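Note that the chains are named A, B, C, D and E in the order they appear, and that numbering of residues resets to 1 at the start of each chain.
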């Protein structure tokens, strides 16, 4: 499909074995990110965003996870089949990531320095560049990285423990660690959503400028529609382990097609103060007994008989917009 | 009036759901329990011990040998068909004695925990909830008790009184509460900052109500787990005291006393020591495995 | 800075606890019936003799005064006279303590050398047969009374195999190294007397192992649990994501945070080892403080009981203090929490 | 204006910070420092601010979980510091609270039934178990939950459902005033939308007044009539929604609005130019002198770091605590006019 | 380091003890280990013979005044203390005064009786008594003579004026010094492990067996019999002391090269009945108990080699009455006595206490309980640490109905039993838990102690024993055998009927 795609997830299924049986969390997710592209993945809690991302990174523990079907191609290599050492080589160099909660993603008993040094030391890029990697050199690279995320006094910060930093500073450290080995692709799982709006805004704009400059592709995962709209070019809307809509950010926000996207957007409170819509009726159903057909159909105000029977395939509704909904199967395609 | 009838219907309907929910909870617990075969084994072991102890007079070949019985001609018989585990210095059947001995050990445990757990839990709740001076005093006293190994403390207390199994129990109980006090104090301190406790306060609940309705249920499962693990330790401490000669009084013998007597005849008459030791091991292992399994089963499930 | 305050405060509290302990034991020892003077004087002593000894021991004074005399004496290193040996208890303790210290230290070595690696191994191969084996071994450690372990070890290695000695710290024919620390292993090492060292080692192996069993089990279990706990933390996933090799993750990024929980219960392990010593020293005729203590307790040798209890309490306090400091050293969260004023 | 339901006057709440060898109080967290506002009957009053600005502390002081360090709180004219054993019961029935964290706001070891029965038992509402059950049935209906949830345990509920139960628990005593402390911040937008609508419906049906605490500006804009903007324990701007959002005066308010991610072009137009430099939120133990916002403020003057600003009335019911309030207000006016 | 060649040539003797040494200060020690420690390091004036006769030791001869109030001793000359100074009458006087002043150890034997000690010449000393005390000479083996000069050289400040602390602190602390003249000197003392005595080559008595004598004697503190057996098997122990159980000695006897020696000791096992506490205050109950006891089984299966008891005094002790009544098991008689009791049929539970760690007593107690059960009499058995037992004995109320103890002689004279067990003045000690307090018995004992004529005295003692047996304050079970296991190359073991005097290393030699 997309030649230059750095990440290409094809019809990915991820299941978990749980008490009730098998939890079919991801059910045929397909998405791609091209080199240098900024893509968003939006959806409500529990829709499978993090599972998708961890799968892409090859860090989802299996068991309990099962991968019955699908492919995850990272720079052309299938993550699910790759040898561990191969995966390891790609980390940092090809792909990197940032977690949602900056405190829990930093090891509390090592200093920032100790952690970032290891990331540099094991990022193979530097070794290939010019052989020896001296202590001072590592230190220099680390300081540079911290400076680039606008942390004041990087020397001091290297000797501090994560606990001694504020949330914003921790998130910056994480960004520095993610970018220090100059990856080609970055997955950001809700960066800043644990922080205050003002700090979040700072972090997002920092991230945006850094990756823009370096030409890094980004997959931004979030449940905050506003963040997506302000950060990425293209967006995937996920519901219950499936992508339901995909397209240019502007188009989707102006003209959402899928009833779920519509419901979601109308639920967002506005700075302009309009009254809120009623939200989406019902709740996300259990993955062990997920609804047949379109997983959204029990909550969909426009559901048809067909919806309960068969999984709707993605159809093109405009040049840059795809949607998985039978409403658009008649003409739009 | 029809409301009555409809209400009745509502409640019966509800009761069905209630039953289903209970079934579901039990099912989940059982599932987790079952997944851990080790804890299942532990449960079976404990049940077996309890069963044998309760029905000791019926399952042992020589129930008479548990009382005042001597047959010096038959003393020190090695294991044989008529005495599977041999006979002891008095000529009593070791197997019979072991079953009756474990009965005493189990009783000791039950009494010690029966006394010390409620006391410890109560003091832990009070100190944790009240804080301030009350807490300081209670917890410092606890520290005093905890700064000596349980066995040493029990030994000191026990030696001061007439040694007997009930004094030994008292001695162990008099220190065992501290562990539960500390455990519950810790839980209470963290639970009392939870929002549901504050909500209860806002609703005007009295401190006692909060302690017993909000905090206590949250202590229950750690305490239950601790009890099962404790059971093993209490048996150990009790056996230690008995080993040093402060245990059950003749003709009754608990397992520790049996070992202590038997050790005098090592290595030639090993069966007098080895089999009661294995019995202790069996019981304690059972309780420990069970406790470990329960820890998983009773953990609060995180939300959906 | 403030972490040291925290440690200091713990220390002060501990001293208070020791005071409480001394009062408690004083009460237990003296309020209850019994007359150690009569016991010490042997069966035929006349009432007059008993009164005399009671007077010599200060037992005819009111209790609070006795306590005061005792506690002030302690500050001069005077633990009072033992009824049994008629020596100052401090002297007796100085004589018996090193043997127990040596035993317990050796047991801690066992715990660290066996318990921690077993735990790591089990976590590494979680749910495999290795894990189950380690778990069962750990359970055995917790479930067998230490005196039974002692007896069985004796039975196997001394009686059946005859490769290790049954009792004592040193063979009769081995001359003891000159007394320096009282720890035979250390003393013979200092002296360069390797035959004594070997002999002392042979003697300490069984009893220290019997004492260590419980601790090995506990530490192995805890290490396993906290290793698998840490394995589920976000930061470990993050490390994977940053491309840190698995071996570095396991032995650096996981081991350090996972060592905190076992570390904090090392104090408890120590306590359980001391308590095991009370049983095991009896089995191995180990001339240690625990054995002295049992005799003192059974014979109501007040001052000796007080002395032993206080020394054990003190040891407990010191060990916990060390554990606190170590935990603070390993886990910055503890340090920082206190530096921020809790 | 009529007599307000709730009136908070110069409310102060300090938490001691202990340290040192003797565990002495070495400092105070100035969680709330002279905060005043009032809530009218039937009104929703919003309290906005970043994490640690003292919003929850205000709420908990109002519902008497904390005792204020100083200051007065009047509920329906009654001074809460004068509450006695007899009157506190009545107050508890009038004022209830819904907490932020759906995970910790319900006791995981109790069933929904038992949780909802508690307030009824405490206040003697419903004489028999059957009657209480009926009331709970009604309560669940009010928060749009089926009765079968009665026997569930919180672990079986989603975040939104838990918050509904928490609301039902607050409603059980039939209060007239609810303190809502970020009741939706942990929830998804679609769930949040449903809850917000529920709040609005309940307010209308039960004639309630709310103190609504949030850090989500869009949300407060949507739901509240008036709001106060808090920063490090103090209110810096207070006014009606219209005033606050179309004529924000304080640089902090503007910063907040500017930082809010939005989903439409219309909203973007409302956003003011950002007024702050990069920076972290200082600690409330040692808040900056003068106007606490001055280290982050791009237009701060020297007096900002020295003197505490006094309130300036820049419009009807619109108060701003800023040394440069007047000149900013004028510019704000101009901006609106220009557009 | 020590020279290996010398070490090999040495005769090293090792024996086990169930009990640690507390002190070997001759004014302080009392129990069996302490006693033989003192015995080997210090010399007394007189010594008991294997038959219990008092023989000269440091004293060559002695005379008793006609009123029986002064005893004059002629001392052996040329006796050297371990520091090579000579032992004189001054040292004897000092030793007696010291023990009386310290009021410790065996001082009870003489306190209130010895009024004064006078030195009549460098080697002549007289003890002046305040009242006639017939067994006086028999008690003197316990007066160990200490070196006055050495003691005073080590005195520290203390309660005894010019004598300071009488050297007690020094003797409590020292591990390789002593103040004795005995055949052995204290060589090393590792508390909790062992105590070592070394041959004193200049001993005044000389060394008749030359190099075969024991050069070094180690007493090792060993509780576990299993260990003891192993060490004995390996030849690491030369002797196992007498505190083990019969089956243990049976096992040991099977070890090649090991011999078990059995002697009838002056120690009698008895079930002491509290005559003042219900229901045993009723003589019928006491007799019932005596009839119900299974003497035969106990003697034959539990303690083979023991002698039948007859009254309170073992047959080997001078003054024993061989004609007193002795019970045997007869359950019919027991039932008859029971039915005559005022408590019948609801006899309160009878409590029985025995000390920790003594297997035979436990077995006897259980056997007893087994026999009493069919009679409808309940027996409550408690095993108590020794310390507790002595506590219990201090008052009538706390003394249990029955205490199982054995009393050994302190001096070879029936008085040692009569006085300690049955005279009212002995009440409150573990030896007299009968609480007999019978005026007639008291009177008889007082009379016996002050009668100098041996025949008259023997008669009074016979009567006293008959009266006591009639009161039935004890179940006299058996005279205990004394067993020791030795390597067969140890020769010369000599039994003497006084506690610990059979562990006299000087008697022994190696015949390898």
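We take it that a residue touches a chain if its C-beta (ideal position, glycine included) is under 8 Å from a C-beta of that chain, and two chains touch if they have at least 3 such contacts.
Keep in mind that what you see is a predicted model, and the values were worked out from it rather than measured.
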Number of hops, chain B to chain D, where each hop joins two touching chains: 1
Farthest chain relative to chain A (centres taken as mean CA coordinates): E
Approximate Å spacing (C-alpha centroids) for the pair chain C, chain D: 55
For chain C paired with chain E, centre-to-centre distance based on mean C-alpha positions, whole Å: 39
Chain centre separation (chain D, chain E; CA means) in Å: 88
Geometric centre distance via CA averages, chain E-chain A, whole Å: 90
Multi-chain contact sites of chain D, meaning residues that touch two or more partners: 158-159
Residue list for chain E, restricted to those that touch at least two other chains: 224, 226, 356, 385, 387-388
Contacts with two or more other chains, residues of chain B listed in rising order: 159, 263, 266-267, 304
Interfacial residue positions of chain C with respect to chain A in the complex: 233-246, 248, 252-253, 256-257, 260, 330-333, 336
Contacting residues of chain C [partner chain B, same complex]: 13-14, 16-18, 20-21, 24-25, 28-29, 32, 34, 132, 135-136, 139-140, 142-148, 151-152, 154-155, 159-160, 271-272, 274-275, 278-279, 282-283, 293-294, 297-298, 300, 305, 309, 312-313, 316-317
Residues of chain B defined as touching chain E within the complex: 68-70, 72-73, 76, 89-90, 159, 162-164, 245-246, 249-251, 261, 263-268
Chain C-touching residues of chain A, taken from the complex the two chains share: 54, 57, 59, 84, 88-93, 96-97, 99, 101, 104-110, 115, 118-119, 122-124, 161, 163-164, 174, 177-178, 181
Contact footprint of chain C on chain E as seen in their complex: 1-2, 14, 20, 22-23, 25, 28, 30-31, 103-109, 111-112, 159, 168, 172-173, 190-194, 218, 220-224, 226-227, 230-231, 236, 356, 385-388, 390-391, 394, 398, 410, 420, 428-431
